[in-house]
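Look for subunit A in each of the two complexes below; its partner is subunit B in the first and subunit C in the second.
And then the complex of A and B:
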C-alpha cells in the first residue's frame, strides 16, 4: 500500500474541493441530494460517530461511480456510500425505507427472477407491460414509474453446458457471464457473442449463473447480493483455477466481477479480478498477441458510441473502439457526453424518472445533433440499460458493438 | 503498440495528447481522475518569459521563443476565443479585483480604464462563494472613472434550490447560461438593464454587464445545439474560482478534441510502474511499457514514447510520505530535485518546495541530478513535474504546461 492508498483509506485524503459534486449527474438535477462529497466523506465522519442518515437519501446515489473517476485524490467515494447503505440496511431501525419502497427494492433487485418469469411467454409479458393501466398500477402500488423504459423480454439465452471438460486445451476455452439483460431481454446478443468466440476457436461455457448482484446491491439487498456473488464464484471456481478467462458483455456485470467479487470471502475471489474480461478487452489482448483474425469484410456504416459509466470505472479505456477501428468501412464517433441517467434500475423509479431523463439530456442532445449532422445513423454501446434509455430518449436504433464485429466476420447480416 | 502513452490528464497532458493525435499518431492518455484543470481560472499565465529564461534551469530555458509562440497559437487553434496579444491583458477575478494574464478569452478582457462608463454586476441568486458587496467595492476602486451598480436575478430552473435555501455552485450556474432557457433569461435581464440606464438622461453612457459563472467558450457544436446568441450589451466573464466552471468545460472540450482526433482516453486507471529493456552498460534505458492498475488487474501498455504529465505535489505526480522528507515520483520513480530547505517562513514568498521536480535535458528527458545523465531515453517529462520553477510567484503555469506539452508532442 503506498502513501496515497493509506490516505484514501483514511478518508482524510478528501480535500473538500467539491469537484465530485460538480460532476455528479444526480446533484445536477436534484437539489435535495447533498452530493457525493456530502454523502460520502463528510457524512462518513458522522457515521463513525454512529449517527446514521435517512436511508432514502443514501438511495438517491445512482451508483454510477463518476465521483470516484473524478476525485483528484483517489478517495473511494461510492464505496463509502455503498458501505453506509449496507450498514443502514442491516440496522433496519427508524431510518429505513417504508414498506412500499422496500418491496420495490425487493422486486427491482430481482431482475433475474423477473427475467425468468418474463421469458416464459415473452410476447404476453411485453404486451401486458405495454398496457397503460398496468403501468399506472405499478406506479401507484410500487412507485415504478409509468413512463420508465422497462426493457422488453425476448427468446432467452440458454445455458451452455461444459462439453469439453476442464483440462483439455484450456487455452482455447472461456466462460461467458451473460448477465440478466443479455440472458432474458437480449438473448440474440449472447448467441452472437458465443458464435463469434467459436469463430475465433474458443469453446464457450455458460454455467447457470445467478444475477451478478449489482441490481440487488443498488436496491439495498446486500445480503442477497453477496450470496449471489459467492454462488457464481463457486460455479466459476474450477475454471478460474484452471486459468480460464471469464468474459462479460455487460459493463456493469463486468465491473461487479472485477470490483466487488474479489472482496467476497471465498477462495476463488482471489482469482476473479485478474481473470474477468470485458469481451473487447479480451479480443484486444488476442489482437496484441496476433491471434485475432483480421479477415473482415467491409461494413459500410457509421455509429455514435456511448461509453457506459461502468465501462469507464473499469479503467480499461474503450477497447470496443479499438477493435471496431480495425474493420474497414466502419465509422465511429465517440460521443462521451455523460451518463444516460438510467443507471440500472434508478430511472425506473417513479420519483426518479424525470431526474434520470434530465441527467441523460446532454447525451440525448449529442446523439440528436450528431445524427442530424449525418455523423451517424445509429448508436452502439455495451450496456443493455444504457441502450434502452438511449432508444427511449432519442428513438435512435442502438445495438451492442458485438453485432458490428459479427457482421465484419460474416456471422450475421 | 502506441506511438505515445501520455500519463496524466491535466493541461500539459491534454495539449501533448491532442497535438500528437493531430499529427496522426496513435495516442493513449491514461489518467486516474479529472486532473487539476478544475482549478483553472480560464486564463493562461506565461509570466515574464524573457526574464525567466535568464534563470538557470528554469523550464523556459529548454524552449526557444518560437516553440513558446507555437504553443500559444495551438491554444488559439483549439479555442479561437483566446486572444494573443503583445502585452498582458486584464480581467476581473470573482472578487472584483483586476488580474493580469497573457492568454485570455475575448469575453474576459476588460475595457480601457481611461474610458468612462458603467458596470452592471449581475448577481445570480444563491451563487456559492460570491460576495457582491465586496465585488462592487473592489470594482469601484479598480475603475475610479466608472459607475458600478448591481442587479440581482433569479432563474426558474433553480427555484427549487432557492426554496431550500441551498447555494448553487458556479458550475451549475454556468450550465444554465449555456442552455436555451439561460440565454433567454439573460437576454431579458440585459434588455431591462438597457432600459433602466440608457433611456434615462445619459444615452451615450457605455454599459458593460458583468456576470460571474458565465463561460461562453469551449462550445462543441458537433455535440450541442447552437444557442449562443449575441446580447445587446457587452457581457464580461469573470475568471473562475474552484471548482472552476471554465476548467470543467475546458477539460471536457479538450477530451472531445482528443478523442475526435482518434486519441483514446483511459480514465480511472493509475499508472504505477514500468517495464524496461535490460540496459547495457552506460546507456540510457528504454521504457517498453507502463503498468496501469485497472479494476481487477494490471494492464501493460506498450509504447514508443511515454509522456509523463502527472503534475506535481498538488496534482499527485509527486508523493510526499509521512516520514520526514520522504518524497518520490509515483510512476517511474524518477530522481527528483529537492531543495535543502523546503519552506520559508514568509507565506507569500517564493517557497522552495515549488522548485521540486524532475530535472531534464533539452528534450525533456529525465536526468539523474547526481550524474547529469539521461535516465530514460524515450520518456519526456512535461508540466508541473518539471523542476526549478514556481507557478505562483513567477505566474507562468499555463505557459510552461502548454509549451512543454506541445514540444513533447512534436518529439513523438
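And then the complex of A and C:
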C-alpha cells in the first residue's frame, strides 16, 4: 500500500462519531470551529475534488494531536489537516494580510535562529522583549500577540560535536536531541540530563542538530521542515546504524522524531522510529531491566504534573510519573486537565492568544485549586512551552521532571 | 373534482419532462408538468451522473455519439453550475482488442469527439489508483452532471416563463373524447384530491412508466425496462471519469461525483418500472469487474448501492437485442399516426446527456401542432443568471469555501436569503449534515419549499444524508426543523423511518467492513437510544 492508499483507507475508517470533536481543546472554547472531524476527514472528501479551502479555517487547528489519540478508528486527523495546509500554503493569497501572516509563520517557525540570536546576549534580548513598546510593535507588524508568554533566553546548551565518534561500548552510548527550547531557553535542563545519563554510565553525544521541524510545519513552512528532518537524520545516521538510541526531553521533538521522520525519504528514516525514546521512557526501560539504580535520597516536595498533548500522542503513557513515583518523599499528582493552549507557537499569535488562554483555563484552574489546597507547591511537565504557558497562566513555578530525578540522585540541590 | 386547464400537460418529472416544460414555457406555450413522486426520483437520479462525450457510443452507435458530443458542449455552457468538467479517460488495457481501439479512434474522429492521448506516466501520476495494466489512455470531454441540480434548475427557469408543475400528483388515466386526448385525470397523492386537467396536447415523458401511461388508454409503446445497478464509494477514487476502452459492457465506468465515486453498471431486463432492488450477485459481479480498472477495489469503502431503470426504446429492428445492444437513440411517437388518436405524443429512449435535444424535438412537434412559430432557445440561454460574487464571497467567509461553493450551486438565485440568514444568526451556519456540509439555514430554507414533502425530498434537494454516515447523525439533528415544517411527532418519526429504511435498502447489499461498523453504530443509535423501528419504504 502506498501512502496515498493508506491515507485513503484511514479516511474510509472515519465513522463520523465526533469523539475527536468532543475531546478537541480548540473546539471546546470556540463554538465556530468545526472541529477536527470537520477540518480533517469531512473536508478531506471535498478536498479530493479540486476545491481550494479556506486557509484561515485550517489555521484554527493547534496541532496538539488529541484527536488522533482519541479516534477509535485510527484516523490520522491532524495529518490530514497538515496535508491540507501544505497544499493551501502552495496557493496562499498574495495580499498584505497573507504576506504578514506568511512572515509571522517564517519567524515563529524559526525558533532555532531566533534562539541562536537570542543567546548571543540573553539578558539584552530578554530585556528588549519585556519592553511593552517592542511587544506592541510585534503585535501590530507581525500579529504576534503582545500578551503571549514569549520564553526568555538563557545560557545555551553547549553542543558536543562528536570528537570520540562511536565508541566500542555502543550499549552505553546515547545521542541526545535537546530541541530548540532546551538548547536556547533552558540550557540547564539539557546539562542536568547529560549529567544524569553520565551518572547512569552513559556517554552522551549532542550533534549540532537543527530544529526538529515541528514548529516549521505548524507554521506552514513544510519544505524547510522536511529539509531539517533530512539534515538531522543524516547527523544521526551513523549512531542509528550502530544501534544507539536517540533521547529527547521535549515531547514535541520526540513526537516528530517518532512520527514524522520515518516518512522522510532517507535510509535512516527506517531506523529512527524504533530508536527514538523520550528520556523517561528510556529510563523506565532501564528500570524494567533492573539497570536503574534506586539509591535515591529522599526528596521532600510535592508537585502537580501536567501531561503534554504531544506526550499523550506518543502513546507511551506517563513514564515520568512512574519514575518519579520511585523516589521516596516525592508527592506527585497527575492533573491531566487538558491542553495548556499554547501548543507550540499557537498561543503566540495575536488572533489566537485569547483562545489559547481559554483552552488552558481548565488546567490553570486545576493548578490554582490544587496549590491553594496545599496539594502541591510547584508544577512539573516535560514540555518547555507548556511550562512557559503554565507559569504565564498561574504564576506557579514549573520545572522539567529531570530536575527532580537529579535531586534524588544528589546531582543537584 | 378540481378542474384546471392548460395548453400542454407533460407527464413525468424526469430530465426529459422538465426539459420540455422549460422549452415550451420559453416559447410562450402554457404547460403543466405532473409528477407522481418528487422530481428526479426515477432514472434521472439513478444513473452514473455522467455527462457523456459520446466516446462510449463512438463505434456502435454513431448517431447517439454525435448527439452526445453536441449536447455535451451545449450543456457545459448552459448548465455549468450542474456540471463538473472533470474530463474522462478511456483506458485501453494490456490484452484488450486492438481492433476495437482502431475503430474507436476512427469513430471519435468521424463524429468530432476530441481525443488526446495521455502519456502513461502522466496518467499514473494524476490517477494513482488506476490499474498498472493500463497500456494506453485517451482523454475525451466526458464530465459529471448532478441530476438533481439540473432538474431543479430547469423547473425554476420554466417557472420564470410561466411554466407550472406539481409533484406527488399521479396521472390515473388519459381523458379521451371522440378519438382525441383532451387532458388527464390525476390524483394529488398528498391531499387525495382528484384533478381533471384539460389540455390540447398531452406529452408522455414518463420514462420507465411510459408504457403504463400509454396502456391506460389501450395504446402500446415498446419500452424495454433495463435495470442497471451501481455502487457508491465513500470518496473520490479518481478525479476523472474512467471508462474501459472496449465494447461497452458491464462494470466499466467510474464517475467521481461530488464527494463520492459511482461505479457501474449492470444490465437486466425487468418487468416493473420501479424495480430498484439491487441483487447481491450483481454486487459481487461488479466488484469483480471493477478490479480491471482499480486493483484492490474490494478494500475501498462502499457506502451504498442503488439501481435505476433505463427506459430503452425497442424499435422493430432491435426486437431481438438485449439491453446493451439496444440503441441509445430516442424516438417521438405521434399516437395519431400509430393509434389514430390525436393530442398525444410519447418520447422514448435517449439519455440524460441528450435530454435537452429530446425536449427540443418534442417541443418543436408540439409547437407545430399548436401553430406556434417561436424557435427553441434552450441551446443558448443559460439555466441561470450569473451568481453575485458578493453573495458568494460572503457565503465563503461564513461557512468555509467547500461548503459555500456546494450550497451556492444548489441554491443559485435563492442563495441570497440563506446567506443573509446565516450572517444575521451565525449559528444557522452550523452543519446539520456534516458529511455533505449542509447548513441549518439551508435545511430550513428547503423545508419551506412547497415541493419538499418528506425528509427524502429534503435529501434530494440538499444532499443531506447522502454522505459517509448515510443519515445516521444528520437525520436526528434535523428533528426540530422537520417537526416545525411537517408538524406532529408522529409525522416526524414516520419521516425518519422512511428515510432510514430507504438508506438501509441501499446499504444492506454492501454491508461489510467500515460500512458495517457505521451501520452498527447507527442501529445502536436509532433502535436502542432513540427506540425507533425501521419501516418499509413505499417508494
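Keep this in mind: the second predicted complex is superposed on the first by the 392 of 413 C-alpha atoms of A that agree within 3 Å, B and C clash if a C-alpha of one lies under 4 Å from a C-alpha of the other, contacts with A are read in each partner's own complex, and residues count from 1 in each chain.
Here, a residue touches a chain if its C-beta (ideal position, glycine included) is under 8 Å from a C-beta of that chain, and two chains touch if they have at least 3 such contacts.
Model, not experiment: these values are computed from the prediction.
The partner of subunit A that touches more of its residues, comparing subunit B with subunit C, is B. In the overlay built on the shared chain, the residue A:79 is in contact with neither subunit B nor subunit C.
Residue contacts after overlaying the shared chain place A:188 against neither subunit B nor subunit C. With both structures placed on the common chain, the touch criterion links A:17 to subunit B and to subunit C.
In the superposition on chain A, contact of A:274 is made with subunit B only, not with subunit C.
Shared-chain residue A:48: touches subunit C; no touch with subunit B.
Of the two partner chains placed by superposition, A:399 touches none, neither subunit B nor subunit C. In the superposed pair of complexes, A:336 makes contact with subunit B only, with no contact to subunit C. Judged by the touch definition given at the top, the superposed model places A:71 against subunit B, while subunit C stays out of reach.
Shared-chain residue A:322: touches subunit B; no touch with subunit C. Shared contact residues on subunit A (touching subunit B in one structure, subunit C in the other): 2, 4, 17-18, 32, 73. Per the touch definition, subunit C reaches subunit A in the complex via residues 84, 128-129, 234-237, 239, 256, 258-260, 296, 299-301, 396, 400-402, 405-406, 426, 431, 434-435, 437, 467-469, 472-473, 514, 517-518, 521.
Listing the residues of subunit A that touch subunit C in their complex gives 2, 4-5, 8-9, 11-18, 32, 34, 37-38, 42-54, 57, 73.
By the touch criterion given at the top, residues 28, 32-36, 38, 158, 160-161, 164, 166, 169, 171-172, 175, 221-225, 242-243, 248, 255-256, 259-260, 264-270, 292-297, 299, 302, 315-316, 319-322, 330 of subunit B touch subunit A in their complex. By the touch criterion stated above, subunit A contacts subunit B in their complex at residues 2-4, 17-19, 21-23, 28, 31-32, 68-74, 255, 257-259, 262, 272-276, 288, 312-318, 321-322, 333-337, 362, 365-366, 369-370, 373, 375.
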